[in-house]
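Next come two complexes built around chain A: one with chain B, the other with chain C.
Presenting the complex of A and B:
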């Protein structure tokens, strides 16, 4: 397997801050993974993401130690615009990303800036809109859309860049459960079909753990746990770690004793399977 | 008590956001308004402190018709926390942000200072007291927005989407706090689509769809009814969803009206003939 991302001994302190936001982080992510980053607010998830696309250290002054390699490039040295063609990032608040008069123009903007041919732009826009299921929104103003629709437009505008890595910072925070669930399933589907690597930060593990191949828990700028989601959740429950909320059904399985030696069900289907093994 | 009587609301654009809403909310009660984005939850909340006045019908807060008074005087009794906290901030420091409303409401400087300190410590924000509110992270801003309103302890606490941006710790703290307010005879009105959070807290759930109330009742009845929830475009919470699945698979005696973890542990242990503590791995 090829590595999509390799972070070695990364530390970062924002200019003027007393504390290090990231402390000696080492992490590698293979191509095609769906990696979920979780941790309390302010733990360093967003800072780490900014390092992966080079916004840190290029746009945010501070003290930067260690080395990051993303798709063979060093984001600290590569122009952010060039990184952006390989790595797409969707920020927490979609309003910050939308600005044009129509949804279509919003998505076309970055593609025009890349100097692509009109036909290629059209092809990519159609594809991204189809992937996100928002073909009917093309002519609408981005500002009259609902939160869920805006979030989809923001993701489509990044997918149109055809990134090899897609990074999403709390993409479901303003979405209702049904919409959030659908969005995550779509992202999982896109990952499998387009073979891209997805990194996502999320508090609601219930929603995201089904699609995840990897769960990384960050606390105080350090990696607290990293591995297969069922094993990491098992570890969190075993340690009684309180800052991150494990999926509710995992907590129930734990309290009832339905668990393996180092793994625990994280979805309803897995729970039922475990239970039928014992209950009958 | 807040009495919402045959309220219709039409936005100037012509969109009808509320259709004949009737609701009575008492002090000491936690009520969750639930429904998908655009169902009318926020519009209804804005009627409670008079920010919006009904197009027809009326809203009374402790007997006062919201059309006959000002938002400023209603806010003393009904504290509204907006979904996006950025809309509430305008001071240069976190501390001033909390003490501002207190001094406006006539508290002495000393008392305002004391109350601001208590809430900021409760919400784990005291260390940021001299920082600008705009330098806080998303979850911290949310906590600040809630603490501003709680500082003056209004009779009714109204929070639009309380869990947006909160992590596990933030949610647990908020649950304890709201239960505590309920015990102190405050009326708590939340709008939310976070079914897991509301499962842990709400005594009463009101489902809204396209501006209409389609259900009003106990959380354990409404949040365990997949058909009703689907009508309101909400997911069934995980625990009742699991229990329904188990019933389908032959565990017929299971009580599926469980919402909280401790209840689910009790009813599943009973059915499996296991002690509450469960067993060790197998």
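Presenting the complex of A and C:
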């Protein structure tokens, strides 16, 4: 497997801030992974994501140490608009990411900025609409959409750039559980079908653990745990770590005494299977 | 737009201001009636009534010293308010009938840098978002016991500080978040920006443009010949 992202000893302190937002982070992410970043609010997830696309240090002044390589490019030195053609980033609040007055024009916005021909724009936005299942919203105004629909449009507008890496910074924070779960499942499906690497920050591990191939816990700007989701969930439960909520069924299984490092259930199906195994 | 320019052109001297402004409003109403939109348009203008009253009062105070007779005083104050109303109706029709996206494209075709036309579109796009936010802050302040509609004007003004300060802070934060989103959407990446939906001038557009230009020429001629002198 090729590396999509390589972060070596990255530290960053915002100008004027006393504390480092990121402290000596080293991390490698392979192509095709679905990496979930979790941790308490303000732990440094968003800062790390901004470093991966170059918004930090290009838009935010501060002390930047270490090295980041994303798809062979150094985000600190490459214009964000060039990085954005390979690394798509979706932010938390869709209202601040939708600029046009129709959904269609919004999804086309980045492609127009790149000066692409109309036929190519049409091809890409049609594909993005299909991927996010929002063909019916094409002519609508972003004003009249629900939170979930707006977030889908925001993701589609980034997918239209056909990025190799998709970064989503808490995309489900304003969505209800069911809508968020569906969206995350679809993102997992897009990753498998389009073979892109997905990095996502999410608090509700219950919703995302099924899709995750990797779980990274950040605390105070440092990586606290990093590994295969089951392994990390086990570690969180073993250490009694309370700043991240492990999947509820994993916690229940732990309380019921299923504490094996390789066998702790993280999904509903695994949990049911575990319980059925008891009776046999 | 031509109504707007006309209203502007006749602002320099008092002569004819009332006639021209009233004609503009009446013509607009007639056109709106033909388009069966007069009622809707009037309903959107209701909020402007206090503003027009304010302009009347301010004008009254402003011309108090220079006006020689009470008739002239009233004339000047009424002319200013009617002219202001003509501005409002002109702007209102413009914004209700023109898609900001299309207007932005027009500016681009006129070779105005995209950053300016985008600023216009973004401002229109953000207006309802900021309105929602203002409503949220008002609700939050009310739930804390702030009364925006009670008390003397000074007290009301002080209550508004509780609305405008958080609104300003939130807007600044939003501006920064929007700038980030623009960066990741490759804003300004290519000097030759393309348009997915391009607007093209049809025969009707050209006909309308010619008619507007002709009307403006007439107005300019009337103005240069000082056809409207003296009151009203």
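Everything below uses one rule, namely that the second predicted complex is superposed on the first by the 276 of 280 C-alpha atoms of A that agree within 3 Å, B and C clash if a C-alpha of one lies under 4 Å from a C-alpha of the other, contacts with A are read in each partner's own complex, and residues count from 1 in each chain.
Convention: a residue touches a chain if its C-beta (ideal position, glycine included) is under 8 Å from a C-beta of that chain, and two chains touch if they have at least 3 such contacts.
Since this is a predicted model, take the numbers as computed values, not measurements.
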{"item": "Which of chain B and chain C A:179 touches, first, second, both or neither", "value": "first"}
{"item": "Contacts of A:98 with chain B and chain C, given as first, second, both or neither", "value": "second"}
{"item": "Touching partner for A:108 - first (chain B), second (chain C), both, neither", "value": "second"}
{"item": "First, second, both or neither for A:35, with chain B first and chain C second", "value": "neither"}
{"item": "Contacts of A:260 with chain B and chain C, given as first, second, both or neither", "value": "first"}
{"item": "First (chain B), second (chain C), both or neither touched by A:251", "value": "first"}
{"item": "Residue ranges of chain A touching chain B (in the complex, touch as defined)", "value": "39-42, 92, 146-148, 170, 173-179, 181, 203-204, 206, 242-245, 247-249, 251-252, 255-261, 268, 271-272, 275-279"}
{"item": "Touching residues on chain C, where the partner in the complex is chain A", "value": "99-101, 118, 121-122, 124-125, 128-129, 174, 177-198"}
{"item": "Of all residues in chain A, those that touch chain C in their complex", "value": "50, 53, 55, 59, 79-82, 84-85, 88-89, 91, 93, 95-102, 104-105, 108-118, 121-122, 125, 142-143, 157-158, 161"}
{"item": "In the complex with chain A, residue positions of chain B that touch it", "value": "36-38, 137-140, 164-172, 193-196, 233-235, 237-239, 241-242, 245-246, 249, 251, 261, 264-265, 268-269, 271-272, 274, 277-282"}
